[in-house]
Structures are given as C-alpha cells and as structure tokens.
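Which chain is which? They are A, B, C and D, in the order written, and residues in each are numbered from 1.
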Amino acid sequence: MVKVGVVGYGVIGQRLADGVALQEDMQLVGVADVAPTLSIKALKERGMPYNLYNALADNQKLFDDAGIPVSGTLEELVDECDILLDATSAGVGAKNRKLYEKYGRKAVFQGGEKNDIADVFFHGYANYEKGLGKQFLKLTSCNTTGLIRAVDCLDRAVGVEKIAITIIRRVADPGDYHRGLTNALQMDKAPNHQAVDLMTIMPHIDATGILVHTPVTHGHIITIVATTKKKIEKQDALRLFKEHQRIRVVRIADGFLGNASLFRYARDLGNPRGDMYEIAIWDESIVNSGDDIMFAVNIPQEAVVIPETMDAVRAAMEMQTDRLEALSLTNKYLGMGRWK
Amino acid sequence: MVKVGVVGYGVIGQRLADGVALQEDMQLVGVADVAPTLSIKALKERGMPYNLYNALADNQKLFDDAGIPVSGTLEELVDECDILLDATSAGVGAKNRKLYEKYGRKAVFQGGEKNDIADVFFHGYANYEKGLGKQFLKLTSCNTTGLIRAVDCLDRAVGVEKIAITIIRRVADPGDYHRGLTNALQMDKAPNHQAVDLMTIMPHIDATGILVHTPVTHGHIITIVATTKKKIEKQDALRLFKEHQRIRVVRIADGFLGNASLFRYARDLGNPRGDMYEIAIWDESIVNSGDDIMFAVNIPQEAVVIPETMDAVRAAMEMQTDRLEALSLTNKYLGMGRWK
Amino acid sequence: MVKVGVVGYGVIGQRLADGVALQEDMQLVGVADVAPTLSIKALKERGMPYNLYNALADNQKLFDDAGIPVSGTLEELVDECDILLDATSAGVGAKNRKLYEKYGRKAVFQGGEKNDIADVFFHGYANYEKGLGKQFLKLTSCNTTGLIRAVDCLDRAVGVEKIAITIIRRVADPGDYHRGLTNALQMDKAPNHQAVDLMTIMPHIDATGILVHTPVTHGHIITIVATTKKKIEKQDALRLFKEHQRIRVVRIADGFLGNASLFRYARDLGNPRGDMYEIAIWDESIVNSGDDIMFAVNIPQEAVVIPETMDAVRAAMEMQTDRLEALSLTNKYLGMGRWK
Amino acid sequence: MVKVGVVGYGVIGQRLADGVALQEDMQLVGVADVAPTLSIKALKERGMPYNLYNALADNQKLFDDAGIPVSGTLEELVDECDILLDATSAGVGAKNRKLYEKYGRKAVFQGGEKNDIADVFFHGYANYEKGLGKQFLKLTSCNTTGLIRAVDCLDRAVGVEKIAITIIRRVADPGDYHRGLTNALQMDKAPNHQAVDLMTIMPHIDATGILVHTPVTHGHIITIVATTKKKIEKQDALRLFKEHQRIRVVRIADGFLGNASLFRYARDLGNPRGDMYEIAIWDESIVNSGDDIMFAVNIPQEAVVIPETMDAVRAAMEMQTDRLEALSLTNKYLGMGRWK
C-alpha cells in the first residue's frame, strides 16, 4: 500500500483525499491544512473520517478552540507518507517542496504552481511514461487536463496537427466569495495558457486560443477546432469519444442543455458533492469545418483533475509501468466508465 | 411499515424518495413519472435503487427505448401504497387526487397546488395535530415551511403578534433552463403569498411582506421583523434557535458568508446532492429593532420541505399522535440535529 | 427626402427611429406599436418627439387612458411612407408584409423573420448591390451583422475560404424579464444559424460554429478562426480592422476588459442609452493559428444593426447606387468613425 | 456664478460634472483625475467638453502619450474654484482636504470617506440648514441618500419613530471588473451602516437593518418597515411619495417589474448613460403591517447622490438660505419632477 498524504484541504484537496480513499492500493495517511476552515469544520461534523495534520504551528489554538482533533504537524505527515499530493494555494507548493525534499518524499503539485517546481509536467493519458519514478510531478490545470483528454483521444487515432480553442471559463466555484464577476464577460490576452501548456505536453501539436471568463460556477466549456492528419468524420469522432473511459458523450436532445444540466445530473446520481470526474462532449456540437473537426467539451472544474492525479501517484511510485494498466486501475477504483 | 409512493420524480420527488427510504418505519414502494427525464436516467445509472412506475401509458415506448425498467403503472403504484406523496407539477396533483380517491388512498400534496386540494394546510411544527388521520394534506411551500419553523420557534417561547418579512428569493434551481433572470431583481405584488399562507396556519399572527426575485440558485434569504408579546433579547432568541432541531445557527465570522457558503458546506459534508434539511439563521443578523426582533433566515429550497412531508405522513397515517414524538422520529431518521 | 416609418417600437425599433432621425436625407414619418409599453411611455415623457401610430385598433382605449397622443393607424402610417422598417416581434412581419404590399410600399425586415419574407437577405458591406431597388429586404440578425462586418473586411483584402466560429451569446437585453438564464451556460445544436446565414450572403465561404448562451446582458463575443486564401499576419489584420469605419479596435491594456467595459465606455461617451454602433475587436485577441488567423469580436446587440438597416433603405430606395458612397453617408450621419 | 471643480472623474465624478454643468448659477471650472482612464478617454473622444486637470504630476507623460490635453494641475484647479466636489476613491479625500485647506476652499466629500472628514454629515432634504456656510460637508452614501429621501418624506408628514430596513444591494456597477459576485447572496453584519448613518442625520429615529449583497448591477432595492407617530394608510403614503420631486412612483402593472426595468426606462428616455436621479417606489409594494407602513424603494446607485450634492454646494456657499428654495433650484436645473 502506497502511503499518501494530502496537503491543503480546499476544493481540490478534499476531492483528492476522497479519491485516494477509493484507491484500493493506496492508503490515505491524512490531510493537512493551516486553519479550521469551513471544509475542516465539515470534516469534523462528518466525524473525522480522515486524520488531520496542522500545517501552521501558530494556529494550533484555533483548531483547539474549534474542538477539532489534530493528529500531528505537517512535517509529521510528510514523514509518514511515501508521496504527498500538494493542493495548497498557488505559490505555497514551492515552499512545501523543501519539506518534501528534506524527507526525501515524492510529491504531485497542482496546476496553479509554476512548471519549474517539478521534474515533469504530467498528464495520465498523454505522457504517463514521463512520470515514471520521478520525484516531483506537476499536474495540468483543470481546463488543460480535460482538454488534453479529448485531444489525446483524437491524436492517438488520427493524429492532431493543430488546434484553435475557445475557453468559456467559469469564474468561480460554488461558494466562492473572494472572486466573482457580475453581468460581464472578461477577455484574457491570447494565446491562453492552456494552449501553451498543452504544447508543453504534446509538443507535436500547434495550439492557440482565446479565453473568455463568464459569470457562472458550474464547469468550463471549451470549443475545439482540430486539424487532423487524416480527416475524421463526425460519426468516427463520436465513436472514439464514447469509448473513452473519462469522457461522457451527452445529447442536448436528452436534456443535457448545458453545464448546469451536467451538475444537476451528477447531483441526481447521488455523487458526493454532485461531483463528476468525466469531461462531457455534446453529440450535437460535433461538426466538420472543412477537413477539420469542431466540438464542445465541458470541464467539471472541481473534480476533473482527480483521476489524473491518481495516475500521477501510480507513475511516480512506479506502481504500474504500463500506461493503460495504470489508467485502468484509477478508472476502476473511481467507478469511471461503469455506466458505459 | 407504512407503504409510501412518490408521484413525480423531479427536484422535490427525488428528495422525498430518499427521505422516505431513510425512515425506518416506512417502506418506499416506488416512484412514478411520465417520461425518461434526466432524473430518471440518473436513477437507471444508479442501478434502479427504487422501483419506477410509468405515469403516462402513451410514453411506455420512451422508457423502453431508453432501456429503463418499469415496474408498473401509476395506478398500480397507488393500489400498492397506503399514502402517496404527490410532487408533480402544479395543477397535476388535482387530477391525481381523483385516482387517490378511487383507491381510497391518502396523499400529501406539495406547496404548488391550490389549498382546496386538501383537507388541511399542514406544517409539522406548527399544526401537526390538525393533520391527524386526514386523507389529504397540503404542505406549505419551501419558503413558508422554513419561515414557519423560525416563527413557530419564537411564538412558542414569547408569543408572536406580527411579522413583516422581506423574501430575497432565488429564481431557479441549479440546472433549471426553463426559468431564469439575468442581472435583474424582480418585484412581486405585496403582500407575498408566504405571509398570507403563514396566517392560514398561524391565524393569530398578523403577517405581511415583500418578495424580490434575485438571479441566484442556492437558497432564499428571508429577513423577518417580528413583534413579540414579550420582548426578547438577541441572546435569548439565539439560544432558542440553537436548540431547534431543524435550525442551524451559523456565523459570518466562521465563513458562512451567504447562501452559497451553506450550499458548499453541505457539499463538503458529503451530503447527497449537497442537500441540507435545516434552515440557517445568521448569528450576526439578529438585532433588536425597538421592542421587535429582526433576523435573517436561509431556506435551502430543494430539500427544506422533506422533513415536514415526513411529518405529514406520520400525521395522516396516525403513526404518532404526539407532535413532539413524531417530529423527533423524523429528525432522527433524517440525521437532523445529530451535529448539535 | 425619403419618407420612413418604423413599425414596432421595442429595443430595435426605438434605435431605428433615432437612426433615421439622424439621416439628413430621410424623414421619419412616425413609429407604430400595438400598446402603451414602457418604451411608448418614455416617448410620451420625452414630449413625443416622434409621431405615434396605433397598430392595433382594439387597443386605442389603452393609449387614451395612458394620455398618449396617437397620430393615426398603422395603415395610415404605411400610406404616408415610402418605406417601412419592420421591427416587430418575430412572425408579425410576415403579416405586416401584406399591408405593405397593399399600398405598394417597400420594407426592411429584421433578422427574426424567416428568410423567405424578403427578396434579398441583405448586409450593407457584403452585398449592397443585391438590395438595389428591391421591394423587400431582410437584414441579418445582430450577431450575423457584426460577424459579416469583420469577415467581409478580411475577405476583401486577402480572401476568406473557411471560418469556424464560437458565439458566446448574451441571453437577454438589459431590462428583459421574459427570458433569462441563471448560473448556467446553454448549448445550441451546431452549426449555429449565424454561420449558415453568413453562407447565404457570402456563399464562397465555408462556415460553421458552435453557440453557447451566457447569463449576461451587454453584448455577444464571437471568436473567429478564419482560413484565408493568402496568409495574413496579426499586424496586417489589425491595420485592416483599424481602418474600418464600423469596427473599433480596443485594447485590454487600455481598460477594455470585456463586453461590460464597452457598454460603460459608450455610456461615458454620453451616447443616448449607452448605445454603440461599432463592433469591437480586441487587439490582444488576434493570434495566428498556423496559417489561419483567430480573433474575438464584441457585438453590441441592441444597436449593431442600425447602420446596416440605414444602408438597406439606401439600397431599396436606390438613394445611392454605389456601395461605398451609401455606406459612407450612413456612417457620416450616424457619426461613425468620427473618432478615428 | 459659483466656481466648482470636480476631483476624481469616475462613476460619481463624471455625473457630478454633468450635474454642475446643468446648474445655471454654477460654473464648472474643470475636472481632475490621476490617469488617462477609460472615462478620461471618453472625455477626449467627446472633444473635451470639460477642462481636465492632472492630479498626479508623475503621470503627465501618460496623458501626453494618450494625446489628452491637460489644463493644469489639481492644485491649480483648487486655486481657481470656490468649492471642490471630491469624488475620489475612499481615503484619498482625507489627503485632498489638506490641499483645500491650504487654499481656503470649501469642499463636499462623498459617502465613502469617514464622517470626521467634514464639519457636517449632509442630506439636502433632511438637514439642509446644518450645511449653511460650512467649509467641509460629507454626503450620505447612495443607499442612505435614497433611503433618507423616502423616510424624510414620511417623517415630515406623520413623524417616523422607528424603521427596520432590508437592503438588497447591487454588488457592482455596470462595467466593474474589480469586484463581483457570482451566483451568491452575501450577508453583512447587522445593523447595516446605512441605518446607523441615517440616525446620525435623523437622530430622533430608531433605525436598524440587514444588508444582503446580490449579483446585479442596476440599482439597490430597500424594503422599509416604518413605525410612524400617526398611523398612515397606503393611499396617503402613496400621495406623499407622488408629490415628492425626487421620488418616482411606479407600478408593476405598468411594466416596472424591477430595478432593470427602471434602468431600461431611463435609457429609453434618452437620458445620458441611462441615468436616473429619482428613487422609485413601487405602488404595489406599499402595505400596512399592523399600524406600521412597509414599502420598497429602488436606488439608482450611480446618479442618486447628484441632486443632494448640488444642494450641498448651495448650502456651503450659502447660495440659498431657505431649504425649499435651494432644493427647488437643484430640481429645476436637473429637470426633476418635470414629468409629474
């Protein structure tokens, strides 16, 4: 059993902890955070299913005052684990890395950190092999993770030469009060970082794109115009997407009218938090544009990186050396593709 | 075991089914709907934990085409149950009532129906006794249900003479595409129906108020200015609210910044769908206004009526004749107040 | 002086009336509507700068009760005009067309009507000549009008072969309560009608695209991936756009952060209603995608069709037979390009 | 002619400048700002109708680079004026005050500054006399300004003893990207500062209330429960409000469905920027609550303080010593009540 710790118990950290707990070949040693946030208070109300470690000594009194049991310090957590999943706020990971180095532990960082924090910029499907045995891996961000799933799926079948993407980005998560947008769309400078990041992982593809922020909380939508080496017809693309374990093909005609339908569907499934690990592709969005193929993808920003982070643990710890074997185990333990 | 059927498997119907399934002294016979909606498709993806009955014969082919197993017709469901929880669209309940009458079954209707559909307009806390043994009960709507919880709590302690309320109403549920509001507040004619409905159930109180629709999806907020028979200080009101099993007192200082914090907290608790049965009252919102008391309540519109509907089954079926005994059982099976 | 009447005094109709009033070679005979709406009440509060005609005899009492002076019936307005600008709700124009035919009058319909209502589907820049002398013209819708401006600009310089567009559509106008979306993005079936419409007017271009509705009110944003006959570099595209009289090139660096900045800027200009006739293109959005060019356009949905409708009057009435001469007069009277 | 300068040319400053320009007994010397913002760029595009003064010497190059003509420094503007209207960001006014003192000039500060910046906390209707001849006046904030108009109107007629208010606050102005809220309502600690501020100006009234932020941009809505010395019936309150020059009584039945209808109506009136100086009260919102009266007010946050700031100039400069005479002149020059 690989011993895993989660550092930072926010939107991503909570889901990483749940994801690790589902992997039958991993053991969740505990989670760490710096203060008794609402998420930590929820952990307490749930009866402390996970051990909590205090990542900021000065705040011990805050945990005590809130009646929240603490199992040790962050340093102790690091010591007890084989690998740490760092889901702290952007910039904190770089500081934590020194601690991981001190104890000779491996770590997986999330997309908010700078690329040079890690030995490899990682995506389970696209470059699993590059992560094998590495000490420090950095995941792609939520948008890039989902984007690569779809592009890699096409690329392995017909070869992708070039993509031009439009990211319609959700601006906040449900419950966020520290950021938001009201009745406005906001432009980012082109090309967006997701296209640039994709090229780091898939250097044979020419990628660019435009990102527009929108005042919603449930999932990004990305439109992709892909130039393939071999022209692919809609029906063939559809078939490829349907076979992918981390893609859910949905239809407007069935009631999947947009990102909010997918969130509601995940809630109706009874999924904890209404989370969904799969990206979705709308059947009716797939069209040929000359010899190119165009389609729209939904990215459930809160949970989409969980599977690829599990893959990263498998690669870093060399639990499986074969890409497909590793992906398949992650998928099985997370219950992905069960419904296909 | 009282045999219960749920008619209409939408936002409320799904949650009623889950709520009944948790009551150890009730048996969920099944749920009925007219078409393979997304909610029904989610039921199938979950492996059909509940039996499904088809409420519209003409649509049987749609269920077959979607590969959804059907256990019978709505009429068969009615025949097999002691009591039906009707959560159909407004107006349909009146039609269904004839079917319930044909089989001599009892039924509980939701707030969207007209009052004259039922023998009694019901609220578990405020008038449990009036529902005892009745054939047809109608629940209060989500806002009124939550409002009465808070007002009844004060009323039993110090007597409430008059309330003036402002309802800041969420305009759609997450996933709704058939209604919505964009960058606008919308006025309703005063007095709002919730104040009028409250007076039907609590006729000794003079109630009025103004309702404003807002473009959000997670919970209504109601401010209440209550004139009490005996002046009540903030600390005493706070104590009363904290003791109530269906009220959660929260603090802005703890991170409960608004309705979206409560939704996020319920998700972090791992509650299915991120649902919460309790209304919330903000500690920092409670202020005296002369001899009156003013405070703000959050109403989780999707789940708030579930406990009171369970109470209604208990009353109609005379499972408990004592109000507090009935409420206490509902609360226990739904896990309410566990965290206090 | 060409005598012009405006039928339908809603969002578009009001702006058409103002636009006609600014054309020194046209005379606004009056405007017609069916009831004393808020827009008509505003006309009254302004002191009736335009004559009002009643388009629904049965409603004369409503106008009288509201104290709004009426100059005649719709039929009388038609009789007094050379050409009618029909800005009624979708579908009504088809009915009105019979009235225009009865009096042998010309008419320009807006984008909501079906294409077969008119002799030609018209855009001032792209196919002015086709409108010359025609009796019935139909304008492109707001998105298509703005889209064609940008595409035609490139097409005349370097030839456009193919476009793939993503429309990020605003879902309602400011003040709309009859439609809206709350915290949701909504998908349309691809290809969107704007791409199809563009091909009707520019049949040499292969166009497709995806449309996503967003919960905002101030302007659509369209991203365009254009395959040109001759590769065009960013700086050259930028220069072309800057020279265009109906395009405003803006920079994020200057504070034009999104669609809402443009609305605010138009308000700060003191433009009546905060309207803007120009589409905007963000400098920082223009990027090459291989040999293609990609960029983002803002469409001010309420006012963007006014200039092209003025062009349509010029074409239908053969006021100018030369395209550039006509466009130039429209621009001059509307004050477009003045600031370049 | 009283010489007036406007310091800070943002949302409020622009409107103050326009307001001063309309007062026939005042002369707008110029406006000052620290950088070529979008609002300043719009001023340039309009052809510099107002002289611009540079408030930050270091930024002169920015103005030059943007081709914006500058008439002098802030200090020169102060020197040339009798009174300055300070509409700078919160906190800057305190610094500017020293400059005004150096030149012995008077100044009116906006609601964002601390109360101790001024000799008197001012509202034209409620305490005009207190401002007479004072050097430094501070206006109430937008919500408080509108609130006091309505409460003062009732107070002068029947005496107001106590109010309990609920402020449904818009969270950003159109075009704001530096603040926003997405799909969330946010609570403030009670009592809100508006109630506290009102008591500073109207110390005989006991005021408290709750404020909730909502994700909209067009106008706050306040519900007021007022306890009056003498009971007032709805029809009498309605008559008082209708007679008030700065209140516009509107009806849902006429199409004024909410705050966005009022914004649209102001745009339809052709008002520059779609601004409205009046607060609105909905006829159908007025209800008796026992002996109290309850109603809902709309506050157009961008323009509502302009009239009271003009009143402040009149008081500080002792242009009129009689309250009603002063208010009446402000109203006349701003065109208020013209439509009654």
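By our rule, a residue touches a chain if its C-beta (ideal position, glycine included) is under 8 Å from a C-beta of that chain, and two chains touch if they have at least 3 such contacts.
Values in this document were obtained by computation on a predicted structure and should not be read as measured data.
Set against the C-alpha centre of chain D, every other chain centre is closer than that of A. At the interface between chain A and chain B, over half of the residue numbers involved are used by both copies, so each side presents largely the same positions. Chain A and chain D, compared by their mean Cα positions, are separated by 47 Å. Note: centroid distance chain A to chain B, computed from Cα atoms, is 35 Å.
Centroids built from CA atoms put chain D at 42 Å from chain B. In chain D, the residues that reach two or more other chains under the touch definition are 174-177, 182-184, 186, 215-218, 256-258, 260. On chain C, the positions that touch chain D within their shared complex are 14, 37-39, 41-43, 45-46, 173-177, 182-183, 218, 254-258, 260-261, 263-265, 267-270, 272-274, 339.
Within the complex, the chain C residues that touch chain A are 161-162, 164, 166, 168, 183-191, 206, 208-210, 212-219, 221, 223, 225, 227, 252, 256-260, 282, 284-290, 292, 294-296. Against chain C, the residues of chain B that register as touching in their complex are 171-172, 174-177, 179-184, 186, 215-217.
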